[in-house]
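Per-chain numbering from 1; labels A, B, C and D assigned in written order.
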Amino acid sequence: MDFAYSQKVDALRQRINDFMEQFIYPHQQTYREQIAASGNPHHHAEIVDELKERARREGLWNLFLPDSEHGAGLTNLEYAPLAEIMGRVPWASEIFNCAAPDTGNMEILAQFGTEEQKQRWLHPLLKGEIRSAFAMTEPDVASSDATNIQLTITREGDEYVLKGRKWWISGAARERCKIFIVMGKTDPHNPVTHQQQSMILVPRDTPGLTIVRSLPVMGYIDNEGHCELSFDNVRVPGSNLLGEEGSGFAIAQARLGPGRIHHCMRAIGMAQYALELLCQRAAQRVTFGKPLIEQGVIQEWIAQSQLEIEQARLLTLKAAWIIDTLGKKAARDAIAMIKIVAPEVQTNVVNRAIQVFGAAGLSDDFPLASLWAHGRTLHIVDGPDEVHKRALARSLSRPYISPKTSSKAP
Amino acid sequence: MDFAYSQKVDALRQRINDFMEQFIYPHQQTYREQIAASGNPHHHAEIVDELKERARREGLWNLFLPDSEHGAGLTNLEYAPLAEIMGRVPWASEIFNCAAPDTGNMEILAQFGTEEQKQRWLHPLLKGEIRSAFAMTEPDVASSDATNIQLTITREGDEYVLKGRKWWISGAARERCKIFIVMGKTDPHNPVTHQQQSMILVPRDTPGLTIVRSLPVMGYIDNEGHCELSFDNVRVPGSNLLGEEGSGFAIAQARLGPGRIHHCMRAIGMAQYALELLCQRAAQRVTFGKPLIEQGVIQEWIAQSQLEIEQARLLTLKAAWIIDTLGKKAARDAIAMIKIVAPEVQTNVVNRAIQVFGAAGLSDDFPLASLWAHGRTLHIVDGPDEVHKRALARSLSRPYISPKTSSKAP
Amino acid sequence: MDFAYSQKVDALRQRINDFMEQFIYPHQQTYREQIAASGNPHHHAEIVDELKERARREGLWNLFLPDSEHGAGLTNLEYAPLAEIMGRVPWASEIFNCAAPDTGNMEILAQFGTEEQKQRWLHPLLKGEIRSAFAMTEPDVASSDATNIQLTITREGDEYVLKGRKWWISGAARERCKIFIVMGKTDPHNPVTHQQQSMILVPRDTPGLTIVRSLPVMGYIDNEGHCELSFDNVRVPGSNLLGEEGSGFAIAQARLGPGRIHHCMRAIGMAQYALELLCQRAAQRVTFGKPLIEQGVIQEWIAQSQLEIEQARLLTLKAAWIIDTLGKKAARDAIAMIKIVAPEVQTNVVNRAIQVFGAAGLSDDFPLASLWAHGRTLHIVDGPDEVHKRALARSLSRPYISPKTSSKAP
Amino acid sequence: MDFAYSQKVDALRQRINDFMEQFIYPHQQTYREQIAASGNPHHHAEIVDELKERARREGLWNLFLPDSEHGAGLTNLEYAPLAEIMGRVPWASEIFNCAAPDTGNMEILAQFGTEEQKQRWLHPLLKGEIRSAFAMTEPDVASSDATNIQLTITREGDEYVLKGRKWWISGAARERCKIFIVMGKTDPHNPVTHQQQSMILVPRDTPGLTIVRSLPVMGYIDNEGHCELSFDNVRVPGSNLLGEEGSGFAIAQARLGPGRIHHCMRAIGMAQYALELLCQRAAQRVTFGKPLIEQGVIQEWIAQSQLEIEQARLLTLKAAWIIDTLGKKAARDAIAMIKIVAPEVQTNVVNRAIQVFGAAGLSDDFPLASLWAHGRTLHIVDGPDEVHKRALARSLSRPYISPKTSSKAP
């Protein structure tokens, strides 16, 4: 047991921190202004390309990919602390070509894609030339239960035909988003419910695919856009199927592990950043004759926040380590745990920071309000907290349940 | 002791509920569309005037004013349950001419205004012809401590000259907002710190008064607008002073009691509405073979929410009763209590409802996200929760502190 | 709506407060010493009889009984604030002949007892000559679900024969406890599950009835004793049946309403007392240069505690008012609410007080540790919190559930 | 970074687990009976000596001591997971001669003791022949602030004379407790407040030293005894001073680090044990047609409990690792963190387990009630939670505070 980052990781942390200090934090205003000036909330800000070019030149590129053929060859445990740093500013991950949902999409394309699919979609993604989206959630059903999915993918001759609706498809509104990986049912009546689903690649300009709208999230229209999509007899060639028919659920599972590590580490980065902002502000503001930072209740918040962050960080690093050493399946409980904890810590800490900032914390003069809104979504996306708690409890309960006492409820 | 609403109140509740059912709930979409169509988030939606006219005809007008000369002559205890119902939809209070900040402004104009001031500002407000704003909070200081106020009001001949900045001035962006009641310091060096402040009336079109911007609140640009204002040598006649020089703090205190009852009851109305939406949704959505409403964790939320709401409601009604029977000063602790409790209940319940709605709850397809954002502000406006807890604790502590053990800290 | 206690209640509150000040608080040490000196934790302390005689002479006697033939004829709403005051010291209620479980037992004897039963048991109870117990909970089943009860009551000729075990039978170890009201099944196969149970009177010295042991509660052996009982072919005459065969569940329900008001008000009295102790201590102790009572975190606790207490008090008073005005059935939700809230408030506040007292708060030098232990039991006795939350949620959910969406689960 | 226990640790964990399974868990009843039979709650149960002998033979002895001259030579990180396992049963640590307060006392004797002191006290302690106590806390002052200590240690010729009182001196009532390490002031007017204190060795039978009483803890009289002591002109030779005059505070600090790791890991062991008991019970009990373990609220508790435990465990292991690699001073924040977190997790989880057990959980038929009582003390002993939160916050705040903004408050 050893709690030190390796020298390699420490060096990378240093380089990314330096990059953030030099090029990201100082350009937050530039970024916002370029988007505002464009009149399009989903505009690809010019500063992004400049900085991507720089990061790529410096070799800070595709760090998330453990596969050293395509990426940096870092383990999940090595990449996790880097994701934390990038996570402090919402648009920073893209600069290093480490932004969701592309990361997960690149992973499954690398793992399950045909050569043709790799050539056409994976390589431009790896180069940061295009963006992508992952379309799973649907509006009319509780998507936390994957068997509820209703979009149909029907084979007709050489083609597949898609019919249905999706929503909350993040990144779909981005100017450079060119490809959607879509989950649907190819075999809706298969008695093995987890073999009903398939994944398929749908280029954005395919006829019948409409972006109905970009949904606001707790008041915010994000740059990435969380879109509602309509699939009206969308036809794609049979070769667009990702993996085999019926493998959709398995691919979705494969996609989840590392992606959740990234998500959680980014959330922890946000919480740490918010705590630093909290401390800065509390040191400056004076009420009742004392700086806030010397007042008991604020001290309690600072201590409690650091406690929560440090624990969540260790838990997430351990989950990454389990994936690396024992595999994704062995990490299932650990991943459920961080999926529950990280959003909670993020919203707790950001909420306290907002309170310390007072009304300023509610505005967009500081990143806290938008961080909070993003954190709130984390309690729901990829399954609400309650579903993960249930799954975790069921897994932990297994040794205690004898066949006799267990009721037949699912 | 009697927990029944009077017949008079029950009749009014019935009438307002009916009005909401017939004219407000069904027009929520109309209201949003009219504002969206105007291209101005602070647009005065046409439906508002139609419904105001109707409410006025039906005598559901100025219900908040205990002064029967100008208003309905209801006690605070009688009005409180009506405010709860109106609070369920953010723009409903205005329909009955019961919207903040006009209500508090009308109260202090009625109480402290000269005949000329009443003629010019109070009467159009009572008729619902104009709107108003109350300008107290400032950007550079912790405004929870009123002695921090920095805007200066200097007598020069027959005029007063205002210099300084304000922000989070709610309602200032409204098309019909015509008059600002501004708090500043006329006597910044008065050793009695609570006699340094005065209030003064500043018409919106006075030269030197600039609306710098409308601040977003947790991502939302509200219809009312929470504005940053700049006062650059703004000159108004001496007759615009409200009350006497040095009475600003006292008038602010006078304004607070009933206003906080209204605020809190509206927050409770929002919570009750959110709980009803939660239950509706939970009854419809099925996961893991059962409607959400029959699942243990959701049941816990429902029970806990109703518990919190009912307790906060009783506490607020009691605070109103204390104001009516013993006066505002005697109600100080009770008002501090509800100012702490009501925002907490509102955000707790709305947050649970959002979770039950899943991603839909984050969007603006339902009113939950915007209700949450509004509730979040209630933890800060009129003093953050912590300041009220401190004040309450200090008041409760008084009997236990002997002069010897008390340190001299403020 | 009126939040003032009536003059009658105020006068009674004054008299009971005076009695507590003069005779109860100063004798807490005497009480403990007399029990310790006897060597029997269940000893009837001599001071109790002295004070009972005095309370009876003063007419502060049987205040709980709304039935003016036997008791004071107070409504539940009138009695509730008196129960709060008595609840501040665990043995004070008995002084006024208002102690559980006798109160509930007297109520059902008055309501359902035959003349003979009243003569033999109710009258000595009303005079405070004997004590009683109520035997419902069983060791081997989850008693929160009444249909689980296993003790059998079998008719044999003129007699009933009881077989089974009970535990947590409070008061059974008291020296003067002479009569047990026992719940069991007379008709265990009745398809109407709530008609399987009956209640029956079992004198303590009946052969076959054994007090197996007195159970400690969170480390404490209470004076009342929470006993495990064994019924080995216990025979009582048929005339000992309370009410009719099959009416046990209904009588239990009838017993619950007012008893829960009493319980909850006593819990609130404990919390208020603990808060007063907290403030006293916090005013005396100095750390880091300031009395605790002036430190932010302690102020937060004081404010929060008073908030919780005042809200729970109002809710409980309202529940009492509903019983008085609309009946027990209409009060079901309100009673579930207070049964959830009052224990929570009691343990929250007492826990904070313990923390302020430091190690002293853990000891028996102050009443806090034993108050906490008692409060902890309230989360479980008469049904655990979760069962009441579930019941409350199901009741609140009813309007939202259509026959179609409801699953058949109970 | 590596989250795996070393092979050496894994082997030791296995051996201690096996020992617990074979010899400790099955003898919990024996232990209680032997103490009960003796009539003395502080009796040294016979089974303890039997098992100590066995553990010593097996080499499972003095595992806590990193000093390989006297102990097992394990690092803090290696010992921590063993302390967790031992912590599951309150009297298990003693079996391996790893029980507090002896562990901390042996550490400081080994580090600061003279040869004579080691011969006379350290060696019998290492052999497990005697027990010891550590006397710091005092009744009349807030001992969380060490400068408050009032017991005086005055040099008179060759001797020191002690006058004062102590309380909550754990282990002082044990039959075999032979030596007290006492903290007092040798130089109460030293302007350097942290050089006023010294530590001195006082044999239990020294005239003038009286054990006034053994204090109950949340209703429990522990086997170890938490005693109030009176020092009335207690005289000991000058050679009994531990370290130098004025070094008392420094020695106390030196004692704290590893001791807090042990405490926290034992608390985590208790929480883990309670969770296992919770799951067992929840799998057996059925309400409303389903085992508790399949009900949503219970599942929530299971998930939440495991989450809290695993996070606290990682944090504590990291703190141990910091002590080992960077030293006690560098570990100060980490140790403050675990001192806050571990008690909270313990009481949270044990409290949930009690609720699942229902009334049985309140009794001593299961270890939960006494575990809870022990856990409650952890929020207070070695400084209340709030003091550690304050210290942690002040440490974290330092980078943000400029000399100008900082007030002079301590």
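The rule is simple: a contact is a pair of C-beta atoms (placed from the backbone, for glycine too) under 8 Å apart; a residue touches a chain by one contact, two chains touch by 3 or more.
No experiment lies behind these values; they were computed from the predicted model shown.
Participant: Walk from subunit A over to subunit C along touching chains and report the minimum step count.
Facilitator: 1
Participant: What is the distance in Å between the mean C-alpha positions of subunit C and subunit D?
Facilitator: Measuring from centre to centre gives 38 Å for this pair.
Participant: Suppose each chain is reduced to the average of its Cα coordinates; what separation in Å results between subunit B and subunit D?
Facilitator: 52
Participant: Which integer distance in Å separates the CA centroid of subunit B from that of subunit C?
Facilitator: 43
Participant: Two or more other chains in contact with one residue: find those residues in subunit C.
Facilitator: Within subunit C, the residues that touch at least two other chains are 286, 289, 296-300, 386, 389-390, 409.
Participant: Assign the assembly's chain-to-chain touch graph to one of these shapes: line, ring, star, complete, other.
Facilitator: complete
Participant: Would you tell me which residues of subunit B are touching subunit C in their complex?
Facilitator: Touching subunit C: residues 1-6, 9, 77, 279-280, 282-284, 286, 289-291, 293-294, 296, 298-300, 302-304, 306-307, 310-312, 314-315, 317-318, 321-322, 325, 336-337, 340-341, 386, 388-390, 392-394, 396-397, 399-402, 405-407, 409 of subunit B.
Participant: How about subunit A: which of its residues touch subunit B in the complex?
Facilitator: Counting only subunit A, the residues touching subunit B are 137, 139, 142-145, 148, 167-168, 215-220, 226, 285-289, 292, 297, 354-355, 358-365, 369-370, 372-373, 376-377, 379-381, 384-387, 389-390, 409-410.
Participant: Can you check the complex and tell me which residues of subunit D touch subunit B?
Facilitator: Those residues of subunit D that touch subunit B are 295-300.
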